[in-house]
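The two complexes that follow have chain A in common; it is paired with chain B in the first and with chain C in the second.
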Partner chain A sequence: MSTPLILLPGDEVPKDQLPHSKSNNPLKVGPGLRLLSQPSAKPTSSNHVLTATQAGILTTDAKRNNVSILSFSNRRYIPAMNDLVIAQVHHSSVDFFHCIVTPHTAHALLGQLSPQLKQGDLVYARVLSVGVGAGAEVEITCVHPATGKAEPGGMGPLNGGMMFDISTGMATRLLRASSSSADENEGVDGLVVLSELGKKLESIGGFELAVGRNGKVWVDCSNAGENEVKATIAIGQCLQGTDEHNLNPTDQKKLVTRTLKAMKL
Partner chain B sequence: MSREAPLSVAERDFILKALQENTRLDGREADQFRPLSISFGEEYGHVKLQLGKTSIIVRISAEVTKPRDDRPFDGLFDISIELTAMGSPGWENGRTSDQEASVSHVLDRVVRHSNALDTESLCIVKGVSCWSIRADIHVIDYDGNLTDAACIAVMTGLQHFRRPDAVVRDGHVIVYKVEDRVPVALNITHKPLSVTFNSFNDGRDIIVDATLKEEQAAEGELVIGINSGGEVCFMSKFSGAPLDPLSIVSKVNVALEKVKALNAQVDKVLQVDLAKRAKLGMADESRAANDR
Partner chain C sequence: MVGPTASLSNLHRADGSASYKCPATGFAVLGAVNGPVELPARRDALKPEEATVEVFVKPGNAVPGVGEKYVEGILRDVLSTVILRREKGLPRRGVVITLAIVGGEATERGDSYLTLLPALLHAAQLALISAAIPLPMTLATTLLGVTRSGEIIRDPSPAVAKAATSLHAISFSSKGHLLMNESLGRFDFDTWELVRQQAATICRGAATPGSDGDAAMGGTDNAHVDGFVRETVEDHLHRDYNWKLESI
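And now, the complex of A and B:
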C-alpha cells in the first residue's frame, strides 16, 4: 500500500492518483472533491481537474472507479448524496415521513413508498437528494428510486436493537471497512474491532450492525438469547472506545478482550 | 426546532431492558458516578469540572455593594446559570427553559438557602457596605445530570475562592489588592451537594448520575441535597412516576455515601491546588527579595 496522500482545500488531485479503469464507467467523484473545469472540445480525460474542498486523505477505489476524500471527523453531519444514514421518524404528513438525521437541524423527508412507520422508529436509508441552499429539505429513501423495490443492504426500518453515537469519521471508517475485504481492513484503516468482535461473538449467535454516515451505529444481537443486552452494550462500548481513544489494531483487540471479559461473555 | 432530539423507541426500550438486567450503557453500577475531574484556572474561584461528557465552568466573583435594607448584617450571594446554545444545540440563547429554572431552583435551595456560605461574614459595615458574591455557571457540554455537576462545581468554587481583604478605618472601607494582602477564604459552614436519582420500570430501577439518554428514558426524578454530616437540606420529587417511600429512605443513604466520596475528592484537589499555589507564591516572594 502506498503512503496516504493528504489534500488540503484547493489542492488538485494528481492525475496519477486517479483510478484507471478500463471499463467505460464514468469516474465517480465523492464528497469533498469538486470537478472544476469541464473537458474542452477535445474530450480527453486529461482535461478533468479535481480539486479538494475539504482537508483529508485521498481514497480511490479502482473496482468501482470512484475517488473521494476521507475527511476528518466532523461533529456535525452534512448530508451528501448516496450516503447511508440512520434516521429517526419524527412525524408523518400526507406524502412524507419527517425524519431526524442530525439532531437540531432540518428534517429529512422519507417518501411514503416505504413501509408503515410510527414516531420514534429508526430507518436505515440512503440520501436521495440534498437540495440547494441553506435550509433545503434533504430527501432520503429506503427503496430504489427507479424500481420501487427495497434496496439491498438492509435498507428499511430497524427493529429492536440499540443505537449508539459515534463520530462521523468513525462511521465513515466503519463503512469503508465493511465494503473492502477483511484482510484489507488492517492495511486501509487499521480498524479490526469489528472483525475481532465478529470472531469472539460468533459462538453466541453473532450480531447485526448498521452504520449511518450521520454518526450512528445500530447494533442488534437478538440471536444471543439471554446475552443479548450484554453483547449489545459490549459492542457499543468497543466501537465508542476505539473511536474516542483512536486505538491502533493491537489496542482494539485488547479492548475487545477486556470488554467482553468484563461483561462475562 | 431548538429542542433536544427525542429518544428513539429502540433506544428507550433497550435502556429499560438493560436496566432490568442491572446493566447500564456505559457499564456502570446503578449507584456509580461517571469519572469526575476538577481543575482550576489561574485565578481563585475559577473551576473547570468534567463529569463524564458533561462539562461546566464556574467562576466566583466578589464586589463591594450596599446590603439589602431588610438584612443590614448580611452580604449578598447569587448563583446564576444560563443555558446557552454553547452547551447543547437544543438550548436557545436568551430564553429560560424549564430545565434552567429547575437547576437554578435546586442550586438555590441546596447551596444558598441551606446557608452553605455564611452571608453574615460578608458584612463589612452594617447597612452600608458588604460583599456580594456571585457564582456564574457556564455549561460547555451537556450529557445529563447538570444539577449535580453544577452543584459540585459551585461548592468547589466557593471553597477555592479568596476574596480581597477589606478593613474599616475611620469610617472608610479600604479594600486591599490581592497582591498587597493575602486574600481571605470564604466562610463555608457546611458542604451540601445534590444527588439526582432517576427511576425506571415503575420505580424498580433507580440510578444516579444519568447520562442524557438515560434521563430521556427515565420516568421520574428525585433530587436529594445532603451534606457530609448526613443532614438532608433539600429533597424534591417534582414530577414523574411515584416512588416507594422505602426506596426514598434507602436512596438518602446512598446519597450520603456519594456526597462523602465527592466531598473527599473535592477536598483532595483543593489541597493539591492550594499547595501548588503556596509553592508559587513562595517563589514570587523570593524573586521580590532578589529585586531589592
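And now, the complex of A and C:
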C-alpha cells in the first residue's frame, strides 16, 4: 500500500482494499466503519458495503483479518470491553468505588473486591463491561473476576509517580508499541521515544510506565533517588511533546536529548 | 474569488474543534465540540435511545439573544440529521457544539442570521469530524443572493446581501439530499429553482453527466464546497499521521 486511503464520513470502502484472508475467519469491522446493505435487484444476492462514519486513514490487518479507521487522535475515549484504563477514585459507596475515566461522563464503578483505596487514588484497571440499556454504568476491575486474584500486567493501585494527559490516539500507539516485540530498530508505529528514554535513563535506575486507553499515562521513577522528580517530568514532557507535534523518529530522539540536557540528567 | 480557509483541532481541551474563515463574506467562526458527554441536569428529558445535540452560538460582541436562539434551533435540526445519534456510546449522552463568531461584520439586534449560516455550519461540521463523532455523510452549505436585476451572486458581501432582493442559504449532503433551505426576501418559485440548481453545483460540483470527472475539477478556480471540506480534512490527517505515512 503506497498511498494511504483517507476516507470521509459517508465514503464507501473500495472492495479491493479489504484484506483477503484465506482462513475462514469472518472480517472484523473496527471503529469508524459500519456495514450497510444496499437494496439490489435480485433478492438472493446480498449487496453489502462498508462505509466510513469518521474521517480517517483506512487501515487493514491481513493477519487478523480486520479493517478499521485511524481517526483524529484527540477524540474522546469511549469505553470498550477489555481496554486498559487509568482511573481516579472519586468517592466510594458500599459496594463500589466510583472512578473518573473521562471528564464529563458518568463515573465508572470499581468493585470493592479490589484493594482499599481512598479518594484521589489512581488505579490501573480493565474495563469489565460497558453496560447496555438504560441506567447502565461502565464497570472496571483490577482483579480477575473469577478468581479474585490480581491480574497480571501491573493491574491495581498506582502508588507514587505522576500522571500525564496525552491524546487517545497516542495512548493507543504506546499500548501497541509495548505489546509488540521491542527488538525492532525503527520502533513500532514510528515510536522510538520510549526506547530512547529507556537507554538514556538506565543509568539512574530506569522508570515504570502505565498507559491507559483513556489518554492517561502514569510515570514512576522511584529508583532514581534524588533525580526522581526531574526524570519523571522529563519523561512526561517527551511523551507530550511527541504527541503534540506528531514528531517523526529522528525528531523524537532530538527531543529526548534536548529535554534530558535541560533537566541536567 | 478567494476560497474559504479552515483549520482543525485548534483547541486543546475540546474533543474536537475547527476554525473557518470565509473571505468573501468576511465571517470567521471558531467551533468546538464535546461529546459524547453526560448531561446530568436534564437526564429524564433525554431520549433513551439516542444522543441529544446541543448547539450554542456566541456572538463576538454581545450576549446571546433571541436571534442566536433561533439560529441555534436551525443548526440543531440540520446537524441532528448528520449525526449518527444511535451509534455505540452515544445514546443518552450529549454532543455539545459551541460556535463563537470571532470575525466579520457584527450582526445587529433583529438582523437575520442567514448570512452567517454557511460559516456556522462549516465550522460545526469540521469540528464534529475532528471530534470523531460518527456521521453518515458530510454536508456543504452555500449562501446565494439574488440582486434586483435577477443576478445570482455566490457568497455576497454584507453590503451586497443588504441590497439583495432575496437571500438563500442552502445545504446539501454529500449524497445529494437537500438538508437545509432557508430563504429571506421576495422571490418566486422559478427564482428559487435557479438558486437551488446553482447551489447544488457550488456544493457538490458540476452534476452534469459526461463531464471530465474529479481530476479536472480539483484544479479549477471555483472548486466546490464538498471538495474544500475533503481537502481540509485530508491535509490535517496527513500532518497528524506523518509518522505513519513516512514509514510506509
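The criterion applied here is as follows: the second predicted complex is superposed on the first by the 183 of 265 C-alpha atoms of A that agree within 3 Å, B and C clash if a C-alpha of one lies under 4 Å from a C-alpha of the other, contacts with A are read in each partner's own complex, and residues count from 1 in each chain.
Methods note: a contact is a pair of C-beta atoms (placed from the backbone, for glycine too) under 8 Å apart; a residue touches a chain by one contact, two chains touch by 3 or more.
Keep in mind it's a predicted model, so treat the numbers as computed, not measured.
J.: For A:Pro9 in the superposed arrangement: first (chain B), second (chain C), both or neither?
T.: Second partner only, chain C.
J.: Could you tell me if A:Leu70 is touching chain B, chain C, both of them or neither one (first, second, both, neither)?
T.: second
J.: So in the superposed three-chain picture, is A:Met162 touching just chain B, just chain C, both, or none of them (first/second/both/neither)?
T.: First partner only.
J.: Contact-wise, after the overlay, does A:Ile57 reach chain B, chain C, both or neither (first, second, both, neither)?
T.: In the superposition, A:Ile57 touches chain C alone.
J.: Is A:Gly153 touching the first partner chain B, the second partner chain C, both, or neither of them?
T.: Neither partner.
J.: Look at the residues of chain A and decide whether chain B or chain C touches more of them.
T.: C
J.: Looking at A:Leu247 after the superposition, I want to know if it touches chain B, chain C, both of them or none. Which is it: first, second, both, neither?
T.: A:Leu247 sits against chain C, while chain B stays out of touch.
J.: Based on the A-chain superposition described above, do chain B and chain C contact any of the same residues on chain A, and if so which?
T.: Overlap of chain B and chain C footprints on chain A: residues 104.
J.: Which residues of chain A touch chain C once you look at their complex with the stated criterion?
T.: So the residues of chain A touching chain C come out as 1-2, 4, 6, 8-10, 32, 34, 51, 53-57, 70-76, 78-79, 104-106, 134, 169, 186, 189-191, 246-249.
J.: Under the touch definition given earlier, write down the residues of chain A that touch chain B in their complex.
T.: Result: residues 88, 90, 100, 103-104, 118, 120-122, 158-163, 218, 229-230, 232-233, 236-237, 262-263 of chain A touch chain B.
J.: Under the touch definition given earlier, write down the residues of chain C that touch chain A in their complex.
T.: These residues of chain C touch chain A: 8-9, 12, 15-16, 34-38, 48, 84, 87-89, 92-93, 129-138, 173-175, 229-230, 233-234, 236-248.
J.: State the interface residues of chain B toward chain A in the complex, per the touch definition above.
T.: Touching chain A: residues 1-14, 17-18, 21, 23, 25-27, 89-90 of chain B.
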